[in-house]
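Handing you this structure, nothing more for now.
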């Protein structure tokens, strides 16, 4: 197993390198950051000064070379906008996004699996059809639209939850976390729900499809023939078999939830890194965008690795083949 | 379980007719199909059905902007679903928008599915280094958050239907590849593939006749979700100011344009396009669900 | 012998696109303590559904639509699910055809055995474990303690079926319904399992309903034989009599198509025609279109007639 | 950056107090260093904590700030008298040393993406003649020095050596203004607390929390939900509804920002987005002809755009700045909607119905920018010039625009100094790197007469004379030559909870110390 992990980490480095080159090149092509950073009143001299101060007066390849050199020592450059190390800017915003993604994932799993189970076990009932219709609603409505609707209903009309922003935070292992207190959680509920909606639909559908397939298999019948209570047949025999394929999806989706936070954070004024990166793209703050992508890609690969490990933990069949390979 | 219907039953009709019969067995699926057919027809013939041409700038009148549904404009024209901020007839815009959205969603979906399914199945078939390499590329692609790839790509490419299709294919193919590979992987391990290899069947034949069909049901599930996702993603990109040119709006873009009017009570500017989007995605999913059930040999009764 | 399991007029229907189908259409038989009954038929004849109907395991869109199943004097049709559950695995056990599919792939053998013990008896885990090990030993699995910790995929097909049998035997059930448990296995393994089953039934005194399409298996195992065709039992009697001198043309046909019964090098005899779809059964005797003896009388459904200790459902018994 | 989490958290949990004000900002504040990034939201926050020598009222008229008075001793020498009773937040007195330290720091802020050096560059020398008098020497006659000084936030000499990180953490933030630094969470909020020892009017709120809510619909929702009591940049779509809402009051004023069209009047041939009527590239560049530009101007119904697209939140423009500003023309009024006149002019120029255009516009920079462009295209297409719209994010737009990749573009200009010389010099003066002229002249309009007038005006110290010259330059550049086509002035609107009042400002700053309680 350690060899396997090491090999994956080595591949990760390669991936990160490719990522950085692509994004660097891409953003270089989009436009000149100086144009967007300087005050409109600035004259040509001030523009030249800005370009020089940010190292933008050098050829693109040289700029990338400088970036690479720094990257090897863990320095991903300074944000044009904030004038601070890009990595620091990102890491500062990361807990906010992670807690939102975590909460959203929790919601979509906590609701999606039971609902999907139900819809799969009683596929022809009224409730199941309602659940499935609802799930279609969940991924056909654009996130931004639903987001505003949630704000209008729960904050403006009903006044139950705060409309925007992040609540008070408490420190946990050196990170600022807001969802540990009820007050903080109140702020996180709407954005997390907004973010969860799409995944919730996906999980419901996947779970249902899995349930429908698995419940026809003989092991399910045998479990009942053994006289096991229904609770155990579904809760252990069925669920464990469903969870295995779901784990892969969940791993994938966690990454995409983090990325999709971009939209939700914009609407709910959630100070996470998604909102930061949108601003950074529009301001051509290249160091931040590159650092963000490196961080998320790294995180994603890490999640993937964890999923693979978890997978082999859950599925005895994989454990063996992994040992062989 | 030994089947209730004996497998040796004489086929009373061609497989295709059987497929049709099974497909239309469900009322819901029939409804979905009818809805989808209607939507596709409406989209195809939008220029003949639509009361106005929403793309013709010379025909738009700013003075008719933001009319409520049913209100009459200055020129005497009446607008069943109202007008948007530019004085564009919403009904016509929705009809034309359907066209754009379907085109973008379906074309990008088909290209991505073909590309993804082929790479995924080939990876599963080839195994070893090829598989490792392909799956690593897929991981890289999936590691890039879809919306960000699209954002940067579109920032570089600019706006346009072709550009958004490129962006959507780029962010979607990996999902299909991954799904196809894992489905094919399960099949690859099965005895009949060993047998097929043993029989000396060619690689292409095994891939095309055995691996691909078995990978199809999960691909269709992913596909129906992804087409819907593509249409919604396109709307989101438009919301963020990228995507399609605003003078030729898709449904998503119409919703995005109407977004700012939501708070002000001018609901129709984004509500009706939203309804159309919902109907489209609903229809696609109803059809997709039934397709999956009918095509899935394990679910067949 | 008093009947432990008494099945009378059992009807199981499936509702589908083509209307309601009777997969089991008025089946009667009984099973006595310690007896082995072979239920024989082609695939699709309804024999598996009969087994499931007894267990109360028929899933939607199917349902037991009529008749009665009495177990030890107690009516099972219409019994509350919880009461049925208490019987399943405890007093009536079932073994399925494909051992590769019967065991849950992601749970260890230990989990799958212990849960069966604990579902019916409130005993400490250690006791449940002891019973599991004992059951594994009983079916001839070497070093059972070690194998207990393993997962299904670490077992060969034959070994898995032994595990399944061990699970079925955990509570020393009164009735075991075995649905083609050897069909999916290699011939040599098949022989071993058959031998074990026979031995175990004799040791535990359980009654056995052995569902199969293989007459050769029945010949060596069963005390009595019932032959099913298109949802109905067409012939029933002691194994020796039915196999030696079948009364129903269908039984005859089945016997003739067993390779051993044919002279070496000679042409294999077959039943003409195909098994009909339940949806397109001919009116009257279901076998009539494939039967050499069919005439006008066969357009009405034949009643069961008794001949000594044998039953046959035919207008023209051989 | 240290987060005063618990404190803020408790405050959020409490019911709203009269002494607390929550404001929803439309753009993120990126730093607490008043000299790091010359950006409206940053300057707006800085104005609470720091002060400038010269102040500006809500109409950008100059008024005393930290300086009691200023006067030009000669063409290049200015004497500035400082206010005497001012103390820094840390208690130390404010003196001329602080001013000198500030002027020295401004050009030397490392990594600054947009420095304030454009305002200090004209100053050749600065010295203190006594603790409360500063004498500034300019390189050339520079009449706009007081306007420039109105943008420079004075920091205490003690903190001049501190870097931007120290400001962001709050360690170095030491001002003289009505509010003191409380907390800054990047991308989320800025919290300020009242400076009770302020020499001027005491601020009405003990604590002000600025929250960055960039999405405009969400900002309105936050106001309606009561999460904030004030928002800036109320979106035009919601104005009508908010006007009717008894819970809120609106404050608005015409701003100093004009939305205009720039045309490629530089290239003689092969302007990239000028096509013939069929959409094929065209060699001739009709946009060089002032009559064509005038015709385009006449095709546009500014009132329709103001009322329909902007929902009344704009005023049709005839020049760069509303007439109340210094140096504006008294003769120019918004071009009348006159499609027939336009046709006549086009015919006279020899281009009736022979060419088409693509109008490039940013889609996230100005209020309704993309929609205005669509409306313009609508009018032009109907007027006989088939026009397409290509909208893009401002990052792409300005990069391409400055590389002269467009033929016809929509942009906006806010006169930061509050004087007409700013747009004249940047938009219509001939592009000249050494003079710093025409930096935003993306149409490369050039006219020697206009250049000469601007140059003279910029070296004339006398305000009245300079004003007349600027007005004359405007008449020529816009009225006569139509160097750019002004469309409208944006109206800036703030929304406040009933019971509060805000005097809307032309410079679009949101200043908490200008918010009053009405009951």
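Read from first to last, the chains carry the letters A, B, C and D; within each, the first residue is number 1.
FYI, contacts are C-beta pairs under 8 Å (C-beta built on N, C-alpha and C of every residue); 3 or more make two chains touch, one makes a residue touch a chain.
Just so you know, these numbers come straight off a predicted model, no measurement behind them.
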Going by C-alpha centres, which chain would you call the most central?
A
Top chain pair, ranked by how many C-beta pairs fall in contact
A-D
In whole angstrom, how far does the Cα centroid of chain B sit from the Cα centroid of chain D?
44
Centroid of chain A to centroid of chain D, CA atoms only: how many Å?
37
Chain A and chain C, separation of their C-alpha mean positions in angstrom
52
Distance between the CA centroids of chain B and chain C (whole Å) is 48
Two or more other chains are touched by the chain C residues 52, 97
Junction residues of chain D - those touching two or more other chains
217, 221, 224, 364, 393, 395-396
Can you list the residues of chain A that touch 2 or more other chains?
30, 148, 152, 218, 221, 266, 281
Footprint of chain A on chain B - complex, ascending:
1, 28, 136, 139-140, 142-148, 151-153, 155-156, 175, 178, 182, 221, 225, 228-229, 231-232, 235-236, 239-240, 252, 255-256, 259, 262-263, 270, 274, 277-278, 280-282, 285, 289, 292, 296, 298-299
Spell out the part of chain A that touches chain D in their complex, as residue ranges.
30-33, 35-47, 49-50, 53-54, 78, 80-84, 89, 92-93, 148, 151-152, 155-156, 159, 162-171, 176, 181, 183-184, 266-269, 271, 275-276, 279, 281-284
Flag every residue of chain A that touches chain B in the complex, lowest number first.
11, 15, 18-19, 23, 26-27, 29-30, 129, 132-133, 136-137, 139-145, 148-149, 152, 198, 202, 205-206, 209, 212-213, 216, 218, 221, 248, 252, 255-256, 258-260, 262-263, 266, 277-278, 281, 289, 293, 296-297, 300-301, 304
Can you list the chain A residues touching chain C in their complex?
124, 217-219, 221-230, 232, 236-237, 240-241, 244, 314-317, 320
Which bits of chain B are touching chain D when the two form their complex?
57-58, 60, 62-63, 65-66, 85-87, 155, 158-159, 241-242, 245-247, 259-266
